[in-house]
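Structures incoming, each one as structure tokens.
In the two complexes below, chain A is the common chain; its partner is chain B in one and chain C in the other.
For the complex of A and B:
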């Protein structure tokens, strides 16, 4: 039993491959079967992730269910004559800690719901679900790997899978969106690769634990290093930040993400906005704050200002946009700024807020894009000016949209509130001015969310929408799962906060208090 | 003691002897066979010879370095490893040629197969000799055979044009190499690389100093033509496009590998005294690094604008040549750094390029033109073929779980370990540029509607060839360990050792 559990991270990651294998043997035209297998294929991961959540020991520090198997190594005798016996070791290391655990649960949940929401995908369903399951493998792998090399591989798997999902099943501008996605994220991976090899150079192994020891030690004694090494450390750090800033996305790098939000099929946007963007936040915390606390501290001002730009710029544009998906896309930009705020605060409240915001925004945007997908299926438009009065024909959907909006703008009692509150609390302790200006974003958030919700659900009802059917049972079920979780986190945040305490303590100890 | 020919153990030359006797035998069989008979049997026989030679090479691994005939033929880790790559590549090309039918030039099919063998023989001589004369003979044997192979579809205008360009530029490059060799000989008074090295060591700093560099640069220019790096790359796109696809694959894989082996051997052995010289780092190393960077940048950016699949592969191969020059440019003081990463990349390159060429051949043949739009909607016509091609392209682009990713990762790692951050940055950035055109084909296959509903016909032999490519590409991507260990444990210093000429133990 324990033996079996030890492989839990591996099992969660690769469980979707069962569904994927079954899919490959189904004939092309059995759409219903593809759908069933596709949804069922995400379930083993979800169940295992919940088991993991249940059995996670919040009092233990470090990785749980850690597993490390030697994968391959590069003999170093030829490269470095000074140390002929050493070699670069690459391990297959998996494990989970308080930081990744909530994100894994989020990933599995959003993936299952996205698979359900994909009912509206009608073409080439076999390939669609195959790629969706592959994407799930990649996402879980990203959060569950305990080795940078492995992380990078899974990171790229998500890139390739998402490229196809956007480019084949998206809306009109899908190809352009897929290209943008590929090139921007490719650039990000390039920086990541550079940082990875740099870290390899510094620490000789890419296991998180080793890097933390080696690189952390190096960075703490920056004044003792040779100038060349100092510049290398800075190069690595900046590459890391840029790589994840593109993924998050941080202000000047956000254009690809808008396209994807608008052009990708809505279930993929659920995953994209709900999980893929969070990989950026995860990377910044795990690698930026975790490995280079000293440098992060020095870069904090710049990042805080960029976070501020994210918040305000996103919020203002979300207020001006007239298309629902674009409004939500800009609101994502704005909310990612809040994650940055939490991050650069570099204290317990701030980091907790950043993780909370990741999970909470993941749930909320999954909810909202699920709704947008269902809405589009009925109205065939997401232009705010063409919508209106939908509360009458579709009371449940409209109600849920309003609920999602409330969660998004941070209504107390819902998950959005607690996460924004903590992120801002953290930053107020460190940089009160930036935080105060950033708080304006919260005001704007109320404005743009309410505007979007009201324009959709209230006002005069358009003739052609009058006999629209409300959401079906399975949609209600999925949506209420998300609603339930948003409320639970909002009312009882300890469910999320407690497991991550030990992990954050370790990170904070690295920062040095 | 004077040695005569019979004092040497000629059995060590078994791989070459197999190839040369097969080529001779096949040319006679070709004459005797009736005009109407299919020449496929010659191809199968040739493939068998290549495999047999491969077995001999495999058996020779692990012995002490050994040389016969005053270093004109050497057996060391270097020659064996490169020979293994050459044989594997040629075997693939044989399989590929047998799979793709050749109605239009059936009468010359026999010729085609034994010329492939002689080209291979030339390449094998190039990797296993440490004497300028034999090196040059090998080079010419490879080149002359390839000129004919490129132009063998003589009814086609583009094949003629390709062959013509290849002959002229190839001739020029041979001339450069020969001219460089003549300076080396003039300075050292010997064609033996070890002897040259000794004389160069004595002559460094003297009046001959400049001429030593001159000879090196001239040889580099010729080498540049052969591997097609910038600025000597212009012939590649036309030749790749005009030649039949198996021959394009042969040029990209076998010919290039042999040229790399040639220049590495010459540089490491004959010019080793220069490496301890400060001007090496300042001049040669920098020159090579700039050439590598330019190849990567130009190859990858010009490829963006290509609409013909084979031209695209040609520019991609120019870029790949740039990546391959990198370890070689950064060698500096520890010359054996370059082998593991370079060889791994060569092996990876072999699998993915070969696979991509096979798919291109059958897809473009089915469509009737060589544009990348021939790939439109392939995922709906032949999903498995499209998946295989995607894998090869992903590998060429250097994305994970493929041999290409790991190869590039290894190259970039060694570059960073050699403190060339800017070059590593160029490698990474150009790789990202390359995503765009590799994924351009992917886009055609998956995003666009097909031009017909018919499956693309792929003969079973080609299926085997593609599966080999897929196996190698994924296998090395997931489990690089065996190859890494194997390459890592070979004794690379044996390149420099003046080996005994006794019988191998």
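For the complex of A and C:
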């Protein structure tokens, strides 16, 4: 009966196109209909992603529902006469494993909630939802493709869609923010392109499996390689790291992300902070650790220190920042440092922590930016000094903000703790001193989070906020979905950890070998 | 009774918490009833456990697979030894009385249901903490206890002081928590498990080197220092007085601050394996005991005096544990839970009587109008001052004996000094509130019965709990069946009583019969009085040494981030547009230029392709 299931990754990726097609036929001014179709358009992917979650076989190693169709190839004979038989093969390969599966579910969920949160977008809704659905296609494609070329294409799709979403529907400084976004990410794409060509020359095909064999084999025998090849491999590795470090973002490439957090419309920030940044983490794990475990090991010290800088730098800046969205933006910088910690630990606890942190931070930042969006709609400001005492008129929203803050600072029982703990635990085995210094970030996290939350909701109530309405029903529904998931992962992390174990084992085998 | 039933103990308050959050529109008796019944059921379930443990029944244990880390299945686990059962008894009974009392104290509050919800969660977290047999699990509940106390201290969130105090309580204890966090990570990689039992086995096997043991023990102690308000992380505890008084009682007696002492007691085997760690615990505890007691003598806010007395008494417990007096420390934890809960709840009644006045200088004369309240308060004072036959005497005596036997004469003297100050400031407090005539408002309010009844129960406990150790050290044998005790010298209790009586006498002369003028003494050494009044300027030191530099550094970084890192963007933007400009300048639209460029390109291509062959 399950013939159609074989194409599950493809279906999930392209399902939003149905909604997109319907949208195209709607008249410009039917805002309500755009909204309905926009939200409904994200649902097929979500449902299919949940089906995938349910039917995923946690005991199987490697890709599931893998699909590989020859797409086109470039015979090398045209370029190099000596090797007429070989050609560069491009396949349409899709599939999912324990690493991408949680991220796909996260993506679909955050996209649906962001579509719901977009109620506050009032202008040019047709174009807005069209781009939102396109962005969803891109994001799912990034996680579900099993071919680097395909990955690259989807990656670029997300850039284009996000660029317009930020630049058209954002706040005052939106155009500048969109430009910075494009500038940095374009630069990242350049590195990615270079890495792709390098990988293509190295292994002849861009399917992950082939690259892993070829690159892994090459790197393991570094001493047998010619110096030129060694430097090529290093160049590929470094450009991959740089490309994803920009995306993550890693210090000092983070300034674009701050602007986006502040200027983009809040539903887009939900997606941006919740999912798009995680593409950086995904890339670092999949390509950095997965393809070049040996090189990753040698770069680990540098990356660990950069992770430490991320954690402390972001935390200290979040502590003095006076605007709520910027506080959250810097806290994202800090939390991405924790992902780096988990990565460079290169052990099971650490890698698990990195993936956990990706998912958990995705949920938490989606929750927080949803709240910030609802808050801004009522107060029309996110300056901390102008806010205060909101718990009185809005007990539920304030309570949820405090909950989100607690999740952000890593309160046990919520998802943030388990991810931080595993990332730190992993690093403690390898580099206890760096990890111990990084643990200071946990204190700073509670300082800046509480400062921001309490400045908003505690204290004397400002006169002009006294008759604010609390959250509406549809907001409560979305918010509590996130709250529920944050609690579930925090209380019973095995629900997330179990499916990824086999995949991590494969990656770890690569490291160990 | 099976362990599955024991698991219900923290579950009842948790369910109450969930329901109470939705109880905005419920009647007050229903709200309070739900909290009280839930905790009451936990209390009732604890009783058979106490019996089972007291007659030497088997240890109850339970496990549940939770998460695999590095091929190691982390189990949720519960083990109920004597220490755990004792803690369950303390927590449930004190929490029950506090909730009963709160019905009267918080009756007028608009967020009555939230208050009971938080109290229930607090109780649940603390119960979970003491039942955990796994360090990771302990850490989870440890933090939950912290967050509950944050919520309750900041319960009156519109008050700026409450907001500040709540934040401080959370952040300062978090600093300590980092120590525990690091220790847990280190233990996992060395021992391969989070289980307390596994750690105990590893320690007793003697494979762990001494330096590592000391490091880990001290890191854990850092966590306890934060939670139990030991110097130098004690500053949050007096500020936490901003919370409603029943909360103070709960925090100071049974839940939050007891957690730190409990943790050290629970992992006592680890500390005992390292002399260095024992020294650190004993000296920090001893110093805190004296340090906080001296601050207590100058404070004018009734709750702050009690807060410093808690800090000081917790110091005593640490002093005992660090001097190998395991049972003495735990015994003092027990008696302190009752007499401190009594004192705080009674102080709440005093505050209610004076219509929310907390300043001791505005009080007085309460003995005449509130005789029973005076009696209960007096019992609390006598108990903490260490006068027989009240409970505090027995436990304090054991602590001093333990310190004496450990051969730490310096700490022994410090302990006696602290006892002197304790007796002094407690009776100063008592006389200021109850003796003479009221210095503030003339009319005092009546205290409702629902608040007085728990006081009576606690007064009985504060008297009787000390007797638990009288018939042949029954309490000691229950907690630590194998500990061989050599008797302390007989003169020790006599000296201890003498010192306390001296302190009481001095307070009586100054504040009771007012023969000696207290202000004259303060004026004789103004700098000392100021130093003590301002709590040795510890808060100010933190402000100058930690907060300001951090903020300053933050602002410097902020400028750096805006201009230097932000500038990078402009640089790359400029580069891109310059590059683009170059490209667009080439698009002149003149066919001649294009043709020229094409020719040059063609020549270059031709040369490139052929040049190599020319030289072959």
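Here is the rule we go by: the second predicted complex is superposed on the first by the 512 of 513 C-alpha atoms of A that agree within 3 Å, B and C clash if a C-alpha of one lies under 4 Å from a C-alpha of the other, contacts with A are read in each partner's own complex, and residues count from 1 in each chain.
Everything that follows uses one rule, which is that contacts are C-beta pairs under 8 Å (C-beta built on N, C-alpha and C of every residue); 3 or more make two chains touch, one makes a residue touch a chain.
All of these numbers come straight from a predicted model, not from anything done at the bench.
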| item | value |
| --- | --- |
| Chain C versus chain B on the shared chain A, clash or fit after superposition | clash |
| Chain B versus chain C as contact partner of A:424, first or second or both or neither | second |
| First (chain B), second (chain C), both or neither touched by A:337 | neither |
| Partner chain in contact with A:435 - chain B first, chain C second, else both or neither | second |
| Partner chain(s) touched by A:413 [first = chain B, second = chain C, both, neither] | second |
| Chain B or chain C, by number of chain A residues touched | C |
| Which superposed partner A:316 touches (first chain B, second chain C, both, neither) | second |
| Partner chain(s) touched by A:347 [first = chain B, second = chain C, both, neither] | second |
| Contacts of A:183 with chain B and chain C, given as first, second, both or neither | both |
| Contacts of A:510 with chain B and chain C, given as first, second, both or neither | neither |
| Partner chain in contact with A:451 - chain B first, chain C second, else both or neither | second |
| Interface residues of chain A shared between complexes with chain B and chain C | 179, 183, 187 |
| Contact set on chain A toward chain C in their complex | 179-180, 183-184, 187, 252, 254-256, 313, 316-317, 319-321, 347-349, 352, 389, 391-392, 406, 411-413, 417-418, 421-422, 424-425, 428-429, 432, 435-436, 439-440, 442-443, 446-447, 450-451, 454, 457-461, 492-494, 497, 501 |
| Residue ranges of chain B touching chain A (in the complex, touch as defined) | 334, 336-337, 339-340, 379-380, 383, 394, 399-401, 405, 409-410, 412-414, 416-417, 419, 421, 424-425, 428-429, 431-432, 435-436, 439, 443, 446-447, 479-481, 484-485, 488-489, 492 |
| Interface residues, chain C side, partner chain A - complex | 65-71, 136, 139-144, 147, 154, 157-158, 160, 162-163, 166-167, 170-171, 174-175, 177-178, 181-182, 185-186, 188-189, 550-551, 553-555, 557-558, 561, 565-566, 568-569, 572-573, 576 |
| Interface residues, chain A side, partner chain B - complex | 71-75, 77-81, 88, 124, 127, 152-153, 156-157, 159-160, 163-164, 167-168, 174-175, 178-179, 182-183, 186-187, 189-191, 193-194, 197-198, 200-201, 228, 232, 235 |
